[in-house]
Amino acid sequence: MDFIVEGFAQAFSLIIHLDPELLNIIVLSLEVSGIALIVASCLGVPAGSALGLKKFRGRGLLISLSNAFMGLPPVVVGLFVYLLLSRRGPLGFMGLLYSPSAMIVAQAILIFPIVTSLCHSAVVSVDPIIRQAAFTLGATPWQTSLTVMREARYGILSGIIAGLGRAMGEVGAILIVGGNIAGYTRVMTTTIALETDKGNFELALALGIILVIISVLINIGLHLIQRKGMVKILR
Amino acid sequence: MSLELLISNISKRYDHTTVLTDCSFKFESGGIYVLTGPNGSGKSTFLRICALLETPDSGEVKYCSDGQLLAKDISLRRRITLLLPKIGVFNTSLFNNVAYGLKIRNLGKNSALRVAHALDFVGLLTKKNQQALTLSSGETQRLGIARALVVEPEVIFLDEPTASVDVRNTEIIEDIIRKIRKDGRSIIMTTHDMYQARRIGGKLLVIKDGKIIDHPG
Amino acid sequence: MRMRKASLLLILVIFSIALTYAQAPSAEIICASTTSTENSGLFGYILPIFEEKTGIIVKVVARGTGAAIEMGKRGDAHMVMVHAKEQELKAVEEGYFVDRHDLMYNDFIIIGPENDPAQIKGLKSAHEAFSKLFDTKRFFVSRGDNSGTHTKELAIWKKAGLEPKGQKWYLEAGQGMEKTQRIADEKRAYTLTDRGTWLATKDKDNLEMVIVLEGDPILFNQYGVMAVNPEKLKHVKYKESIEFINWLISKEGQQAIGNFKDKNGNQLFIPNAQ
């Protein structure tokens, strides 16, 4: 029991003194997941919206695929990206394996289906009378689409934040493709895994505390946004 | 401002129900027409086809201006507007709702005055910064009218404008419609309330057997 | 009828539990060692010999040297076999371990990409090579985990009078030797490794790397064994650990170590217990 209490005490000390190694790891985590989120959103929001707004052949299949891929095990995504990026793989010439870029790629792939599916859901739940209203007020098809997306903004934002939550808590994929190299590809989750393994509980606990705080904040944010969006639906 | 609407021999069926059969009518510019008939008789369908929201199975919808047949493109669509029985209000302020029509026509800049004028016309100016979803159903209808009027359409279609509205707001809305009429715009509205039809005035029509005819009597 | 079936089942359950417990007390010790030693395959060769002779089962948990020594200090292992003499002696001095002996040695080598962009080949000393790497700023992957290899690597940097920590090209893997090599391979980098791991893994992992420097005396790698001090941690299996250590430094054990060859027929470790 002692070592747990001691661990917590030292963890708080690291946090309060803004230990530079700790900060570096946190910043890298936010960078990797943040950029992955931006990439996944830039692709996922238009993709999900298109799936919700336009009718075309194969639409149903794509929606099913997107929903199915939300459940992709992260470690499998890691394996796949590893094979893709390793020197002997098809994209090996880019020399991306064991770098932050590889981690961003893996996480972007992981959260893209989440953003797409949730965005699609949000767009599809917009009352059809909005589309009709836009039409009757003289909107072009493109303007109508944007109007529907604007009405779905809370749902879309929820999807993006859900994606962020998933990315920040993930360890399998980025461990495989990043290599967990100090100061280079070591983020909060992978450091916790490593340091616990080595028996250095102070750093692991400190990061664990921070990660839990961040996750909780993300979830609170998500909840608040969904609530704001809900109030409107109760017409 | 002269937009004529010519309906020729249109038919429309949903699944196995034929709603309109070989229906024809000519709407003059600047006229006011009230279309009555029991629920389910096809009034809404007719209005939606006229407003180009739906297409007929057969027959033609023609808009003419000064004798010229107009193409059914976006510029024509922007000269007419349809108010549905349930207004699709946007999740934002009243001001932004009304400004929408101007924004999509690239007239967003300096629109504040026009928006205020439209809100005032329907008696909602004091609530301009309120969230639109907090309005009562009567106020929502009025917002819908303001939103439609701000872009100064030449033809206004109103589908059951007071169907789900309380008595007080019904009076207000009927007043508004009469005010619109004075502006010289074409108004084509539907109602199942004969008394309302007479209060509004204008040409009384009825849908019978899928066709539009003048109301007897 | 049902009562009979139920009691039969109960007897079966009790019997199997008893059987499991009956088997447990066979002597078993945990030896913390390093990933490089594990990867070389040495344990796979010598442990069966020892087990057959004494019935004692040795379970090897492989970590980096630092972590292995920590495991011993915590009592999560009963004995330790690593290759960082300075750290070992210090831990003995601090009272955590007893009965330390030199066991065997092998050597470290510097490996790098086939085309050797930093032109290390041809240099004679390790610290010269490190200086060149520092100047050319080519990626270098360090163990970064207080292992024996890492300790040796830091000693070489010190000899060269350089501090690589914080440099953008200096990557600290913090993981085992095999993984460190693979990272170096992927990133076309240089690294310090032990010959045992190199020989055992270079074909298996399809490493496109070559030895760029070897033979400098500083690269000499001494292994040691020591038992966790039973006075500090009462529960450790000191008796069995001592038996294993004594066997390792005995003529028989030393011969076994010397006889161990990798699959290409190379002797990986040279026994040198006194």
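Worth pointing out:
Read from first to last, the chains carry the letters A, B and C; within each, the first residue is number 1.
Convention: a contact is a pair of C-beta atoms (placed from the backbone, for glycine too) under 8 Å apart; a residue touches a chain by one contact, two chains touch by 3 or more.
In this text the structure is predicted, and so the values were computed from the model without any measurement.
The chain occupying the central position, as judged from C-alpha centroids, is A. Chain centres here are means of the Cα atoms, and by that rule the chain farthest away from subunit B is C. Mean C-alpha position of subunit A lies 46 Å from that of subunit B. Between subunit B and subunit C, the centres computed from C-alpha atoms are 84 Å apart.
Centre to centre, using the average C-alpha position, subunit A and subunit C are separated by 38 Å. Only residues 86-88, 95, 97-99, 179-184, 186, 194, 197-199 of subunit A touch subunit C when the two sit together in their complex. Per the touch definition, subunit C reaches subunit A in the complex via residues 63-64, 66-67, 70-71, 74, 141, 144-145, 166, 171-175, 179, 183, 185-188, 206, 208. For subunit B in complex with subunit A, the touching residues are 51, 53, 74, 77-78, 81-84, 86-91, 100-101, 104-105, 133, 144, 147-148, 151. Those residues of subunit A that touch subunit B in the shared complex are 127, 129-140, 143, 147, 150-151, 232, 235.
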